[in-house]
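Paired with chain B in one complex and with chain C in the other, chain A is shared by the two complexes that follow.
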Partner chain A sequence: MSEPLVFTKARTGSSVIRRAPLLAVSPARRQALAMTLAGLGLAGPAIVFLLGLFLLPAVAVIFVALTDWQFGAVSFSFVGLDNYRELFADATFRVSLVNTAVYVLIVVPGTTLTGLAIALLIESGNSCRSFYRAIHFLPFMATITTMAIVWEALLHPTMGLVNQLFAAAGLPTANWLRNENTVLPVLGLIGIWQNLGYAMVLFLAGLKRIPQDLYDAADVDGADLWIDRLRTITLPLLGPVSVFVVIVVSLKALESFDAVKVLTQGGPGHASEVLLYTLYRESFEYLRAGYGAAIAVVLLGLVVSLTLINTLIMDRKVHYQ
Partner chain B sequence: MSATTSGSMSTLAGIFRHAVLLLTGALLLFPFLWMVSLSLKAPGEIFHTSFFWPAQFYGIENYGKALTEAPLLRYLFNGFVVCALILALQVVLCAPCAYALAKLRFLGRDLIFAVVLAGLIMPHQVLSLPLFIIGYKFDILNTYTALILPYAVSPFGIFLFRQFFKTIPDDVVHAARLDGLSELAIVWKVMMPMSLPAIIAFSIFSVVGHWNDLFWPLIAVRDQSLMPPPLGILAFKNEEAGSDYGPLMAASTLVMLPLIIAFLVGQRWFVEGLIQGAVKQ
Partner chain C sequence: MASVSIQCISKDYGQTPVLRSVSLSIADGEFLTLLGPSGCGKSTLLRILAGLEVQDVGSISIGGRVVDGVRPKRRDIAMVFQSYALYPHMSVAANMALPLRMYRLSAFQRLPFLGRLLRGAAQITADIDMEVSRTANSLGIGHLLSRKPGQLSGGQRQRVAVGRAMVRHPAVFLLDEPLSNLDAKLRVQMRAEIKELHRRLGGTFVYVTHDQAEAMTLSDRVAVMLDGELLQVAPPQGIYSDPANRRVAEFIGSPKINMIDVVVRERGLIDVAGATLAIDSDIPTGTPLSLGIRPEALCLADHPGQGILTGSVRMVEHMGSDLFVHLDLAGADQPLIARLLAERASRIAPGQRLHLGVRADRVLLFTRDGQRLRREADLVCRCVTPLREVAG
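Moving on, here comes the complex of A and B:
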């Protein structure tokens, strides 16, 4: 690394001298222009795609939400905020919002707390760390569509392993995915199963950043019990990471779709109807583009708000340190 | 506290640690083991024994049925093609842009970076409706292009490469310029070879995400011959009325296999890559 450094300095000096006469008019401006051309040339293709595939569609979705357009229709008219009015008056959509909130409230604490507990346990010893990390992380990269089918087999009302074990243990059995009281908690558990490895690795990364001196200092101060160190150092210093995990997992939970599509199609009734599934059904099954777009805008609003909260908290954290 | 008590305390803590982690690990892995177990069982046996190992080995029939009754190899092939082309396009488009943002000072750079950040926070599902309209207008729905094009550029890829390129000293860039390399050549011949960790992390993030994606393929393609694995499995499940679990689990195992093998081989890289993905939010 150091060799090219020296080399560069020597060459840069000579090149300035050599170039000076050529750029007699206004060297600085000319160089700035060349730089701008190079920059725009390199960034240009990506930016064209970004505008076409991200920004314009985002603007379009906000625009379509203000119309009564249906897929396939030749014409449409502006209806102002009618779609939003209809949306919030629609019982199904309100159920969908509430279900999404309940789902997020099951998945986020469940994932965060178990993820934290497992990360702490893994870090509390030196052996088999990467083995434990790997087996707890595996569900996060699994194909949910296929794993949902496995869960369906496990939860089969009469012949599934879960009911067989519950019956053998004298516990109440249920038709887990067809009962409106159990379907959302069961989907939530599947969500926790999938995401807790993710929370775990984020916490492991956070634990690695806690300086060892703090623990040494705590030892000197007499905090030699494991629980004291956890309470006075580990948990407080994991604060910012925890906020980050909560938000990232919330975003993941907000965007869950696959398990609902494979297992319940929003049912029974609308008991497992969640936001993204409602968006999918209204837009692509009922082809109500305007209405579907309004749901998309609501989802976008939620995601952007969560992201901004995250950014604000993370910025504050940086100032503290 | 005497040394011996603290010694036996830590032994006890160690046993507790292993016991809990093995238990939680087994719980998390159980659905995978059950999937493989069901894929080896005969129809009559599937729901009547709670044991892992089948009494009658029915694997050949189940896997045979999965491969012949559904175009499973076609689904897997589609998955490979779509993921590979998406990744190739993303790297080709993102790396030069990331280099410009990290190493060049030019008019409009901050604006471009703002566009990247705006793209970064956008959930892709929100954009599905306009993307569907674009696909319809250009008559590319129900083609590979429809599966690939929406992901041609990755704001996260630009962001990740930019972060990594910023850690490479400017002098390296200056030296390359004096050696007569063009800016584009610097991206490919200097920056990229030095950014292998970022490239691997991004590749895993991208491939895992698109291999598993169900939402967009569900909207974009109808033909079985174009379906990526998750959508194919769903079609297979609906055709089979969802009750013939043996072949269904065999198909599921085959769909998960490439990811699981890749994961076991490059576990460290996977975890790294998907943690990096967290900065997306």
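Moving on, here comes the complex of A and C:
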């Protein structure tokens, strides 16, 4: 009895297959097409904004960097790579590049290590956690332009608290922001102070994700001193977070501008001149938009390469949880 | 190898008592299981044994040495965690080598790069590698040594966790629900492997589980815990057939033991849902009791009679070799569950009236507050006082 039934079913199935090529678009294809259209429709606004706000301006900057356009001028002419040639021959730009590198080298390790240390301290205690989190995060929330006034007062050569404390302790005092040897380290310290909270919050989130079981296992396995726990579990498992913190803080340090603008204007001499400040001065004070755009392209190159390194390292650092 | 002694351990989390004066002795080389539902305090007790938590009251000795306040690594124990707690960034070999590295290498010798140059470090490291690979081979994970935990299956991770515990030959193994993350088939297989491991290593094993089958098959003795109390410690068969009280009787056994409230009609006879059962005891007339009948203590009877329970079949569950028959009894609020041999009871259908005989020697008697009443001499010497209170 069952055999004819199976046969009938098989025939019905094959007749559907025979009819299929007659249709212009198969249902599966039509569905795929609809999905693609819906996807494009949903991503559309984001694509428009991305093009309008990021990609086209970037293309425009790269284009302007090839011209001698003066800010506000009605005409310009192509100068090819002349702007770049001038840039790398310019001593001020080279100083600015070196200063930026020094600044990044102070701020990034300083912020990462202090942020990590504070996160570990907060996580190891039980009392007042939210308070400590909040006070360390405040500088990140505050506008550096206004906070700069406080720093200026603190660092004032005669009335500043810093010098008074140093004098009281018998340490040498200085005109911190007007001395070419101290200005960059001091700006670096302010940078650390400003970004510390951000790094700390990221590290705290990373610490929360480490299962307690691992610390228990480490205790049983004999890795129960804080340095062993740190080396065996905490630091390796914070690896991905650390890479992220380093990259983000590097980007922020590369683009530091406001503290320099408000506190030192790149001085004394060019001792605190950083890339973004040079860019600002060339473009908006000297109105050399083409030249400024070339600096912007160099900066863009640095930022993009850092982001690419970030992506490459992050991809390799994924552990199971 | 070492014996373990737990004396009057109590522990509270804030206002919530987790352990209430738990005392237990575990013999050298014994396989003891702490069995109880989740939240009964069994894992906390294990963590106190390991030194990962501190008791509020009481004392722990391992191998005759009081270890209160001693750090986990100095207790000569190893632990297998429910989540395995493998270090995700380390290879299997590094995971297993870690305890040995921590014990045998000095802090300087453990330093990256530099440590290897120090005197003796290379030799110790080579010895450790050899022991790790020997242990891994004995567990059948020798080919996985270079992998990371994330690249392993659940069963393989479990073996690595066991290997990490084994590698330094601890006196006491603590296992915290090590099989609960595995699928059913693998769990049965790993159960056998753990049993074999205990036989081979001969160490003292303390095993925490909520799974009765694991407790019954693995253990020399089972300690049943409920609500932070240790209710009974006995060999698996004793826990099942001779429970200390009603809570143990109800917790052990699947399907659950049938509990029927009864009253003693006259000495030696009790009324059960319309039938009269003869019991071998001397309890005064009128005493209210609870009668515990294991599902397999019921058998099919052809016709009603003294000691035969009669009811209508509510549901039949086929389990292959056995049938579970749910029977509605007149006057009982819960159906009676009987485990019958499938070949003898194949034609039972819902709605049918069924007669079941009770094996009187398998019946368990409890007072209404859950105390076990034992027969004969036991009954007289242990239960007279509470009985009078009940009767009075």
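Following the convention adopted for this analysis, the second predicted complex is superposed on the first by the 267 of 321 C-alpha atoms of A that agree within 3 Å, B and C clash if a C-alpha of one lies under 4 Å from a C-alpha of the other, contacts with A are read in each partner's own complex, and residues count from 1 in each chain.
In this section, a contact is a pair of C-beta atoms (placed from the backbone, for glycine too) under 8 Å apart; a residue touches a chain by one contact, two chains touch by 3 or more.
Every value quoted in this text rests on a predicted model; they were computed, and no experiment measured them.
A.B. asks: Between chain B and chain C, whom does A:N175 touch in the aligned arrangement: first, second, both, or neither?
C.D. replies: It touches nothing on chain B or chain C.
A.B. asks: Let me test your reading of the model: by the given contact rule, A:Q70 touches which partner, first (chain B), second (chain C), both or neither?
C.D. replies: Neither partner.
A.B. asks: Name the chain, either chain B or chain C, that contacts more residues of chain A.
C.D. replies: Higher number of touched chain A residues: B.
A.B. asks: Once the shared chain is lined up, is A:P236 touching chain B (first), chain C (second), both, or neither of them?
C.D. replies: second
A.B. asks: Which partner does A:A60 reach: the first (chain B), the second (chain C), both, or neither?
C.D. replies: It touches chain B, and chain C stays clear.
A.B. asks: Identify the overlap between the chain B-contacting and the chain C-contacting residues of chain A.
C.D. replies: Touching chain B and chain C on chain A: residues 224.
A.B. asks: Show me the residue ranges of chain B that touch chain A in the complex, using the header's touch definition.
C.D. replies: Touching chain A from chain B are residues 1, 13-14, 17-18, 20-21, 24-25, 28-29, 31-32, 34-35, 38, 46-48, 50, 93-94, 96-97, 99-101, 104-109, 112, 115-116, 118-119, 121-123, 125-134, 136, 149-150, 152-153, 155, 158, 169, 171-172, 174-175, 178, 183-184, 187, 208, 211-212, 214-215, 218-219, 229-231, 233-234, 237, 242, 245, 248-249, 251-252, 255-256, 259-260, 263-264, 267-268, 270-271, 274-275, 278, 281.
A.B. asks: Using the touch definition up top, name the residues of chain C that touch chain A in the complex.
C.D. replies: 47, 50-52, 71-73, 77-79, 81-83, 85-90, 98-99, 102-103, 107, 148-150, 164
A.B. asks: Can you list the chain A residues touching chain C in their complex?
C.D. replies: 211, 213-214, 216-224, 227-228, 232-233, 236-237, 239, 319-321
A.B. asks: Along chain A, where are the residues that touch chain B in the complex?
C.D. replies: 1, 4-5, 7-9, 11-12, 15, 32, 35-36, 38-43, 45-47, 49-51, 53-58, 60-61, 64, 71, 114, 118, 121-122, 124-125, 127-128, 130, 132-147, 149-154, 156, 158-161, 164-165, 193, 196-198, 201-202, 205, 224, 226, 244, 247-248, 251, 254-255, 257-258, 261-262, 276, 279-280, 283-284, 289, 292-293, 296-297, 299-300, 303-304, 307, 310
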